[in-house]
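Could you have a look at this structure, given as structure tokens, before my questions?
Chain IDs A, B, C and D follow the sequence of writing; residue 1 opens each chain.
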Amino acid sequence: MKHQRLIYLITLVLSITLLLAGCGGKGGTTGQEKGKGEKVLKIGASLSFTGQLSREGNLTKKGYDLWVKKVNEAGGINVNGEKYKVEIVYKDDQSEAQRSAKLTEQMITEEGVNFLLGPYSSGISAATAAIAEKYNKLTIVPLANAPSLYEQGYKNLFGVLPLATTYLNGVLDLAKTLDPNLKKVAIISPDALFSLSVAEGAKKYAEANGFQVVYYDKYPADTKDLSSMITNIKNAGAQILLGTGYLADGVLAVRNAKDLGYKPAIMAFTIATSIPDFRNSLGADAEGIMGGEWWTPNMKWTGDIFGSAEDYAKLYKAEYNEDPAYYSAAASVAGVILQKAIEKAGSLEVDKVRDAMRSLDIQTFWGPIRFNERGVNVGTSSAAVSQIQNGQVVVVWPEELQQSKPLYPKP
Amino acid sequence: MDLQVIINGILLGGLYGLAAVGFSLIWGVMNIVDLAQGAYLTLGAYITFWLFKLWGIDPFLTLPVSALILFGLGFLIESQIIKRVLRYGFVMLLVVTYGLNLLLQNAMLVAWSADYRSVTPAYSGAGLNIGGVNIPYIRLALFIAALLLVGLLTIFLNKTRVGNAIRATALNRLAANLVGIRTEFIYALTYSLAAAVVGMAGSLISMVYTVSPNLGGAFMTKIFVVTVLGGFGSLPGAVLGGLILGITEAFTASYIAPGLMNAVSFILLVVILIFRPQGLMGKQFYGA
Amino acid sequence: MALLEVKNVSRSFGGVQAVNNVSFEVNEGEIVGLIGPNGAGKTTMMNLISGLIKVNEGEIRFQGARLTGLKPHAIAHKGIARTFQIVKPFQGMTVRENVMMGALFRSDLRGLKGSAVKNIVDEALELLELDRRAEAPVEELNLAQRKHLELARAMAMGPKLLLLDEVMAGLNLKEIERLMELVRKLNARGVTILVIEHVMKAVMGLSKRVLVMHHGSLIAQGPPEVITQDPKVIEAYLGKRRHKGLHKEAR
Amino acid sequence: MNNSAVARRRFPLSIVVLLAAVVILAILPFYIRGYWIRVLTTLFMSAVLAEALNLVVGYAGYAAFGNGVFFGLGAYTTAVLMTRFGWSFFPAMIASCFLAATVAFLLGWPVLRLRGHYFAIATIGINMAVMEIVTYVGITGGGKGISLPLFPGDIVKQGLFFYYGMFILLIISVAITYWIANSRLGYGLRAIKTEPEAAEVMGVNTTLYKVLAWSISAAITGIAGSLNAYWLTFLEPLFVFDIMISVEAFVMVLLGGPATIFGPVIGAFFLKLLSELIWSQFTLIHMGVLGLIIVVITLFLPSGIMGLWRQMTLRWNKANTARTSPGSQ
């Protein structure tokens, strides 16, 4: 009885599927030439515009867009004498690795892109890098810097940031100069790829530099209360508190510490301090808190596309009416790297561009760029230290970048 | 034993208890596992945030506003959706409330973005210090407010006509119908009341946690544990369950490993379900 | 040896003693009636025999083997079938599928395909006069038909002992007569039957031997005519007030 | 399957159509490119998860809201065996299948005694507890995730491998469902779903049947997780223990029609294609639209597409019989 009608249903569904697959089959173009004789280079970028990483995803996009604008204003990328305008195909991965993998394959097979600018997170990048590797397409990830990502032996993956492990080294260096009695360090980390990488690096660096790590532990990533950890840290007498989570983790730690009357001499976080929300939501409690900064506008670096770091910041402000965070700067510089490598190779062939990448040695507004055999940028080595003073983020370390003396101890 | 750890746990547990009361009530009276409670909690938190941010209204004074808005929303959802799905049984109810949760959560995301927000009244951060033990005023106030709300609700259920009608309906809907209780109205009322309570819980929670659209999601799992611990439908049970969960978490974080905090509470959930599904306090106020 | 032996069986719920030290036997080929006022513990007794409720004290034996401690499905495999006071048809299946459920899980038959199953089902359907409704969804049956279905399902299990839990409840006189006729027919096919009944007339007409329970205890047993005259039984049913007879009260 | 005579008569035709569908899907990858192969592979995977869930939810009537735990377990077993112990994929996949089934089997005895909400919440609890433990312990890579070895061979081979892998798994899970639906197990489960006590006294070993159904469901889900892990090559606990995996499968089962053989597959195709085509354009409201679909299904299509189909057919047949024999009921 139902069989007969069932088969209609199956046929219907199947034909829809086929139809779609058919459409998909036609859809692909290599995308390198446009109607009016203008050459266009399509670049793929799968980012998180929605989901839990949407904020970072949007900042990354701003950086890419600024680079595209700059390049196209100058006529495009020069490939062996021919100018190619740049066009980025954006896809929203909704902060999901599975979707990002699918979109990456879509961009490669349907849009015909040869070059990919990466997603924000290390976890998602791991999923897309595997696909790009198989298709032999080049990926430049601006912000993903978990060490494990670069231990897979991928030959087509290049990262802009130094490895995450060095993120908070500057804070410890600064602490040594501030007060020789600062010895006891506590490190807390949410249980996630990036955060754990930073925490492990910081622990190793602290121990190597004569600090005593009195508390080191991880907590579930969605924890809403850290009172118990802070209590233990307070009891352990830690003078320096290093937190390696995201924005919410930083806010939570500061609030819990205040609730429990815990006042370390130095409190430093990854990521959180450079996001305005942090200051807005904590108000006066944010005063004196430090953070690692991969890039700030007052750095002395200069390159030929965007000019100096300060020039970049001005341009960014003019475009988006806000100060650039390092996310956007890293994204822009990822574009610059790709541009330079293509121009150096004088070709759009992946193999040639990859070889050019490997031997690249350039100066940019972000700093010197040079890749090691794993694809990690070794041009710059560690992050600067910023501090919130009077509600503003100022660079306090290293000395050559210092905008203001460190506020010590933290009020 | 560190007294501070116990205090931390108790103060946290009060909030967990309050957050679970609405869920427990709906389960006890209507036999529905309402997965949309997380979204109501988030909405309550946002109401407090916006009133505080835009007009500087003291967060505690926003409680009635949260309660009122969520009561209205609860009524609307019960009468338009839940009521119609009741006859399809519990699987459908489970799924439809999850759908509602997704819908509301997404609406909040679109309206207010994923930004983390905080409510920071002037008195946040200050606290009592007794013999080395810190008791933050705000957490103490939240704890007291939570107990007060549960107490009021208990009195309402036990001493008023409507409250008695709700309890009668919980025991046996058919029988309640026969003695002239308009059970359809009681259902709507219970659901709205539960939404209002969890909304107020959200308002209180916004004062200590960062507010974002997925705030409720993190609390939903706690609500499960608390309700199962205390036994569904039991208000004192919810409070007790909250306290047990709060203290368990604090102890795990302090003496075992903070990374296992959630794992321990979920294992507790499964173990309690297997060995004592009626909860630690049993069914105190309502029948099956 | 009796087919079913119940020895000093007790069961309590919380503080309530639902069945208190009850002993009786059912012999092969009998139709035994179990009567008693509401709350006497009749249905609990039935649940104890079929294993849905665990026995606190005492033991139950079937064909000499202990039933106590066995799971309901294992008890069913030994040849005990039952019906439910509130009928429990399997929704979403046809009448035939419902009856087939009885045959499918017999320990003496394996699998679906065998024509044996089909024969058993056909026979049970015919026996309980459901053959014309065999392909109907079970939701379409009226109460009397549903009661027949309960019996048909039980018969498909090929039981040695059949426990009937108030099968007559809710039926009109004509339907009761017809069902009584059927029960006798089943008995004639060699099935021993224990009938729990609130409807006196049915039990009196069916059984040669009647057990009476009150407040969880067995207070009397014997032939129907003797039982109806037993003062303890009359008191149990009617309280202290004397009454002319039971038939009238029970209609 | 109730009208066996009619079914038998039409059986060959439906077999032909089914075979045609299988053949078309089997040769399709040679005509479409990478992305669409990937889309279809995910589609098969969703259908597999829905079909597996159907055994527990549709047939046995147990709301296994946390069934995704077996997906994660399968994924992580494969990942750990391949990276830490150097196993090759197929043995690791088999091990994943066995582990998932064993966990379900062992947990099933205590947990499946719980009814209704209690069971649903217990499965959510198990899902979350396992996720937290996997995140905490070292051997799984914890919160840092774990990278699997890349599939050896080029991208075309890789695409085909996973396409056919999922496709075969789908065929197997449909076949298993078909077999169960027409076996004692299936009848037992359907009986348990409506009248567990009656089923028990009719000789159905209810606990065993439920545990078996859950274990089979877990085994299939575990293989899907295993394949997915090798395909994605990088796992984080949050990816594979996401409660949304179960929820989506739930929606597919309900949309297609619970306790039907092809319902969940149709539900999966429908939902996934809809998602791929229409609402992936509006990503910001993606979740909200899914929520809305859920609400609409429960309100207007409570028995799913197959249920609607059956109702229509029933009405159809009734109208026919009423016309031919006015005397009948």
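Definition applied: a residue touches a chain if its C-beta (ideal position, glycine included) is under 8 Å from a C-beta of that chain, and two chains touch if they have at least 3 such contacts.
For clarity, every value in this text was computed on a predicted model and none was experimentally measured.
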| item | value |
| --- | --- |
| Label of the chain whose CA centroid is most distant from the centroid of chain B | C |
| Chain B and chain D, separation of their C-alpha mean positions in angstrom | 33 |
| Centre distance in Å when chain A and chain D are each reduced to the mean of their C-alpha atoms | 36 |
| Interchain centroid distance [CA atoms averaged], chain A/chain C, Å | 74 |
| Multi-partner residues of chain A (each touching 2 or more other chains) | 50, 191, 218, 220 |
| Junction residues of chain D - those touching two or more other chains | 3, 132, 135-136, 284, 286 |
| Touching chain combinations (by label order) | A-B, A-D, B-D, C-D |
| For the chain B and chain D complex, residues of the former touching the latter | 27, 31, 33, 81, 84-85, 88, 90-92, 94-96, 98-107, 109-110, 221, 224-225, 228, 257, 259-260, 262-263, 266-267, 269-270, 273-274, 277 |
| Contact footprint of chain D on chain A as seen in their complex | 1-7, 9-11, 13-14, 16-18, 20-21, 24-25, 28, 49-50, 92, 94, 96-98, 101-102, 105-106, 108-110, 123, 126-127, 130-131, 133-135, 146, 148, 151-152, 190-193, 195-197, 218, 220-221 |
| In the complex with chain D, residue positions of chain C that touch it | 50-52, 71-77, 81-82, 84, 88-94, 96-97, 100-102, 104-107, 111-112, 135, 140, 153, 157 |
| Chain D residues touching chain B - in the complex, by the definition given at the top | 57, 61, 63, 65, 110-111, 113-114, 116-118, 120-122, 124-126, 128-129, 132-133, 135-136, 247, 250-251, 254, 284-295, 298-299, 302 |
| Chain D residues within the chain C interface of the complex | 2-3, 182-184, 187-188, 190-191, 194-195, 197-206, 259, 329 |
